[in-house]
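Just so it is clear, A, B, C and D label the chains in written order, and each chain counts residues from 1 on its own.
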């Protein structure tokens, strides 16, 4: 069964009230075609897990402007004033998480770990309400693992088996999110035949990928 | 020399050859322009690579940005990785030094630089990981706010980025070391008096007996 | 048909198209030779790759071995990774099925296959992760030990590999499903009687009303 | 300062009573030249963290036969009868750890995490004496992170900055161990100039590598 599909068919898997992970860092490495189509489709009440909400006219920022998010779980919203505005009016719930913790929580979700033990955030409001675990006399914050219903991923090259290669800093959260969602949809700039990527060069193994659309 | 240049030049003197360094946006990034002769550092960009080229280098493409989202380039010998590896490097103690700005910093080494409740909430990004993981944490900032209010306090009033994490504070007026006993005034900028530092600093501090003038030219 | 072939052929029928499968050394690995027509699976090798080729394929080099240390090859579309990613795949529930041998297995789905105290202590290798992480865990083994002692017990006596982890037991005599209520006899091998199963099994089991003969040819 | 050195100088960093991580899986991806030189040197009372003890005449197995190990922290010893013999006589302490747990503990050591929360080993003797942490009603075993004084790594290609590429299943524990030791010594089959490895192809960034010897 081919993993190559149309953008419309792929977005059938994104339904209201779902949790969606979206790759990218201030827009770099975000699947813009998928975002644009999702904005057109208008699916609402999404919880978005991502590094940031980018800019109002770029990447995840567009989903904020179109008011399709009910919650954003991110490390940074400073580049998108609309996110701050919706947060202040209560239209959008924003959960801010340290970037390294967020990355590791997503990895833990994909790796079947119960959470992570990190020193990051100890003694700050990030630690409020969370369990502190002492290991060999040193304190760590227990941060739970994160999973999603769908992940929207941007790759440089995909083969038809779903093996992915990312390019430069567009890699960022993409390989992690590809491990942590039930349905993984990839927007690939280039699609090649199975066997055309050397197994050592694969950055995300094809078993994680459900659907591929041409980016 | 303007305040920012003073700070950036003094920060640059903290670089040691071979250091892996993460520089925050603004003044910290400026420091890379003043590397001492013979000193070469490896810049880490928390969005996922090592070998960030100076900002005036050639810019490759939109898929290679720094942590501020600006298009940048990567030096020969650089390496790209995902965000989990990027913060494994940061949290795991593999970054020798990080330089960040601050809204407030205090005499216990507490740092606040990520939010002003009810006003400014950009988020912490990678800052909390950086201050908890880097071997040396330097706050580099203008000594006071634009309206002249002190930013070096007895106790931070804003939500913290990290607790007891700062090692040095470098401003346009002076250099403080954060010690278990409190702040130690190591250097003052050319033409600045200790009284001037005292007037603009709420935190208590002790003057190091061998205090000297900031060695910048 | 010898015992091993019976077991391997029956295991092969559990494969579904597109499954990601990890096969233990011995009989489980043999099952890959009996894939039903039209069914293609992706074999995971816990030492760090996906797309393990059948053992009779061409052998590339000494740097590509299976989890038994044997030189193997990798199919087009395979992917190589480090041991952390390999077990992220296993622990994270991305392996649809794992098939392992057993020293003992019991009616609560407990499995013991990694040590006999004071005698044999090879170590658990990746087995404990596999049984805790794979979506479906199948024990494939000869029904009794070489001297005829039962291996399917009321309660394992050896140190466990996993607690309550086994879903199916496939032997040369029969197929058991492990249910919350205990073992359910689903199938018996051609020519085998329920009495024969009972004689060679210490565990209690219930016979499924629609019990059938193992569909192997 | 060049990272290329001689095998003798590199092994100066391996001293008695140290904890040494050694890459490889049943010998594949183990730095054989470093092992042979370490056997010749005879440094004793080492604690070795590795996947397995390979075979008596291969990889880490040689260090067992030469009685240079006081402790082995591994997932498997079945292929080296000498390890089992020394364990039974009490000459060698063996700590057996599930392979996925071991890999993740080493990664956690390198990543500054306090340990890992894994379901692996629950209800078995692996869990004895260890803390069980409940997250959202599900139990996980707290396994502490692992670090070492030195790591002995096998790479296919190294550039002079220490960036590494591994080949096929010789990758295994090598990239993880390169992150978790104070001193990292790499035996590389090929050494190329800095800049000859594309940054996207680097599997272990050069900052982790202290010394490189030609393998």
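Here is the rule we go by: a contact is a pair of C-beta atoms (placed from the backbone, for glycine too) under 8 Å apart; a residue touches a chain by one contact, two chains touch by 3 or more.
Because the structure is a prediction, the values reported are computed rather than measured.
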Of C-D and B-D, pair with higher C-beta contact tally: C-D
Averaging over Cα atoms per chain, report the distance between chain B and chain C in Å. 55
Chain A and chain D: spacing of chain centres that average the CA atoms, whole Å: 32
Measure off the straight-line distance from the CA centroid of chain B to the CA centroid of chain D, and report it in whole Å. 35
If you average the Cα atoms of chain C and of chain D to get two centres, how far apart are those centres in Å? 29
Contacts with two or more other chains, residues of chain A listed in rising order: 104, 107, 111-113, 118-119, 166-168, 171, 199-200
By the touch rule stated above, which residues of chain B touch at least two different other chains? 49, 74, 80-81, 84, 87, 90-91, 133
Can you name every pair of chains that touch? A-B, A-C, A-D, B-D, C-D
Complex contacts: residues of chain B adjacent to chain A: 45-49, 60-65, 67-69, 74, 80-84, 86-87, 90-91, 121-129, 132-133, 159-164
Contacts from chain A onto chain D in the complex sit at residues 104, 108, 111-119, 133, 135-136, 138, 140, 142, 144, 165-168, 171, 199-201
Report the residues of chain B in contact with chain D in the complex, numbered from low to high. 17-18, 20, 42, 49-51, 74, 76-81, 84-85, 87-94, 133
Touching chain C in the complex, chain D uses residues 25-29, 51-52, 74-79, 84, 87, 94, 96, 98-104, 106-107, 118-126, 156, 166-176, 203
In the complex, chain D touches chain B at residues 1, 107, 109-113, 159-161, 163, 179, 194-195, 199-200, 202, 205-208
